[in-house]
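Lettered A, B, C and D in written order, each chain numbered from 1.
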């Protein structure tokens, strides 16, 4: 294992300490319990947006804390969900009286811990809603699995909902918007190499010199298929077509119902992409892939989108939701409307996303 | 070799095509000869800043083309200097009548090609000055080598000079400022793994599982020493102390003299860092190292700077001047004054640096 | 089962987790993300450090404290699941200084129900429920037959061990292992394994 | 040396470069950045494609075109160096349709001076100058001794081959190889090698 670290155990803590030292005007880091929050939190009257999840996906989420995006991020150990006390403490810190939206990626650990945090927040009379992101089309079946994983759309949802909250949307409005972003976003990733979890010290999986994994998860979860290495144009085509041709996807998710004050099961269905749709195209690096290669992916993706009548209105290219030092990439296409575009363009000032 | 590419030969071209497709409002890409330039160039009355060098260091330089930074970038083949015709064509495209500053990293190929470009531009009556960046303290001796290589300070000089040009500085003023930035900046890098040049197809050098190279160049040039892998705190200390303790460095460089209309040799001397200095601290990733690790480096660097009485006024942390997919990092410390700070803080809108 | 046996149970469980940290992590490496042992150890190290200060509290308070500690230190899937198990277990024995066999049955049953509610997994999904569920059924039978707590727990551990092994041929439908599809078959579930260790630790406390 | 021999020289050089692309790159891998063969081949492939359209131009124009092509396609250190060599060579023979032995000497000498001015390297720095410089000296001697162009060039190639090999024990002081310090010793300089090929190609053109 070759990493710039001291002890595997101190990895997350020291990385956050570095963030705190680097970005003191933007954010603060609380330890025990661990969460990162806007330096100027709480913003009175604004819905607070909180996200979180295992560490190892940097800059997501802590790099997105700041004006116009997240109010707080709760980092867990590497690839391990954070705990409800972190989420509760973050909510208390940043709630400006307009309530808190938890944006949760659909992994069993994250879902359960955020559910407990929601229940705890309710006990403390903090208004909370939770929205799941489950956009990874590599998981085709939701009957026999936890359902689709939350990947690239998370970043886009955090930006768009952060802008909406800054714009004065109330809690149900931000939650509705977040759900809409999720239902219009689809992603798929691939890996050329494995990541190595510091505490484990050896690669999560092993790929031959001429092999790649298509449909990889951001924790190195197995994908759809292991295949022989292909050209970037072919890889881009596989990812993009899996996304564009993905059919209606239906699943039942558990959301907090404010009026009934309890969990309710909600059926959600993605619509399909069709010619004429306007999209935001997001080419994401897995952490170890250089930016130059991501632009080659984008070049082909733009060509494919055009061929399928998808009009790319905005794009994002870079390492935003990563898997430690894994080489590889993911593509996310988000069908956008005027409202999403306006919110996407709204100013954002965070450590890793800024315009 | 595992990369997201099609043919090694088309790597640079396709990556630039991706940039052009992604950032059409920001920049344009010209092929034959190849250069990237601001979409709104030339900006009348503004000094134009042009940089360039071999590809493989993305986002440098093309990712820094835009408002408040570079007017044009000339990308060569991977790790190969671009050619004078590219630089001349770029100068013609972006000269707004106030002249052009070529910011040149001190590699024999870059230096000679930019010198020829300067001569060609003079023939075409374009006003040009050239400033060399040679900040890599890993090269201790300038008597028996080409001298110090241009590394991290290049990014800082491009930002600061870009802001100065936008602020109305004239050509000699921008050149003076650039020289001052160079004389106040020092860098050193290290590698955990080698990069692989696409056309070569195999790693440039090989490191054992428990080895690292201290003082690496951004083209994989050998450094000061190959040593056994150390903790990130120890690595940061080696790099930071090499920079902080570096003595007066004197060398002769060739600059274009506008009044004599010919090349003159100029002796330049770096001053030393001393307690009380204010600095900009730049922790740079080599391309394959995740952001989380760079923050751990920064954490230690901040501690070391404090111990040595260096006050960190600003910081930059991320993958900005890379070496393809190499894992590793470099540190740059730039001694700043009020003018540099003001220019650093000035707005910048490029694909990869934006505030 | 008295209070000091409850403390002993938790102490034993912490020891078992520490001893089996690598083993549980290896099981998780095969079908999950290689952290179950690490997660559980992080939680139970903290629990173990609190036990001495809990000795004079009532059983419900002890279990609630364990629950809170697990919830706030374990993370992942097992944190909320074990946290919920002990939270419900605590609620099942409010005010008790001593547990009759029926009380222990109630503790296990409500714990199991909590895990099911929290994780929405079903029997056969290859999770800790595949151990807890047959264990509660078997304990009920023992209560119906007026067995002692000790005898009931001795049978429970036999059932639990078998149930743990029975997860091997199962296809995972919950948690990370479910992404493996068919490839999850042939591996023992890590959560089921730690649950077996929990029950074994309980028996050891009764026998000591 | 007539015009068609000049064209033949450049054609031969392009062929030699193509044939030795891997070899030159390997030499550069040892002490540089493994691209000298690739750089030169990129340039001379373009040069070769232009030669037929240059056949009716005067020698100076031919060499100037070669220079421009090299400058704009080779890049790196060798682009400006070979580009400058041919630029100065072109200036040395302005208007000539045929080169006397003295003209060829002037061509080589001014080319060498251009390379020195451009690259500021000195004899012994382990560069192409370590071949060019003794070659010009030797050619001067041949002119002094009234040798024919052919004989002069035959000697030049012998001198060049030896000079190329003499770069092996040198310590590099210019270019990328200089960063290697002592480790540059024991390797033949790639630029010196391609310069030897250039001279060998010239001789072959005269002999054909």
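Descriptive notes on the structure:
Simple rule for what comes next: a contact is a pair of C-beta atoms (placed from the backbone, for glycine too) under 8 Å apart; a residue touches a chain by one contact, two chains touch by 3 or more.
Which protein is which chain? UniProt says A, B = phosphoenolpyruvate--glycerone phosphotransferase; C, D = Dihydroxyacetone kinase DhaL subunit.
Everything numeric in this text was worked out from a predicted model, so none of it was measured.
Averaging C-alpha coordinates per chain places the centre of subunit A 32 Å away from that of subunit B. Our note on geometry: subunit A versus subunit D, Cα centroid distance of 57 Å, whole angstroms.
Within subunit A, not a single residue touches two or more of the remaining chains. Of all residues in subunit C, none touches two or more other chains. Taken pairwise by the contact criterion, the protein chains link up end to end in a single open path, with no chain closing the loop. By the definition given earlier, chain contacts exist for A-B, A-C, B-D. Residues 2-6, 11, 14-19, 21-22, 55-56, 58-59, 63, 192-193, 209, 212, 229, 231-233, 235, 287-299, 302, 315, 317-319, 322, 324-325, 327-329, 349, 352, 354-355 of subunit B touch subunit A in their complex. Only residues 33, 54, 76-77, 79-86, 107-109, 112-113, 115-116, 139, 144-146, 149, 197, 199-200, 204, 217, 219-222, 254 of subunit B touch subunit D when the two sit together in their complex.
Those residues of subunit D lying in contact with subunit B across their complex are 25, 29, 33-35, 38-39, 42, 71-81, 83-84, 118-120, 171, 173-176, 178-181, 183.
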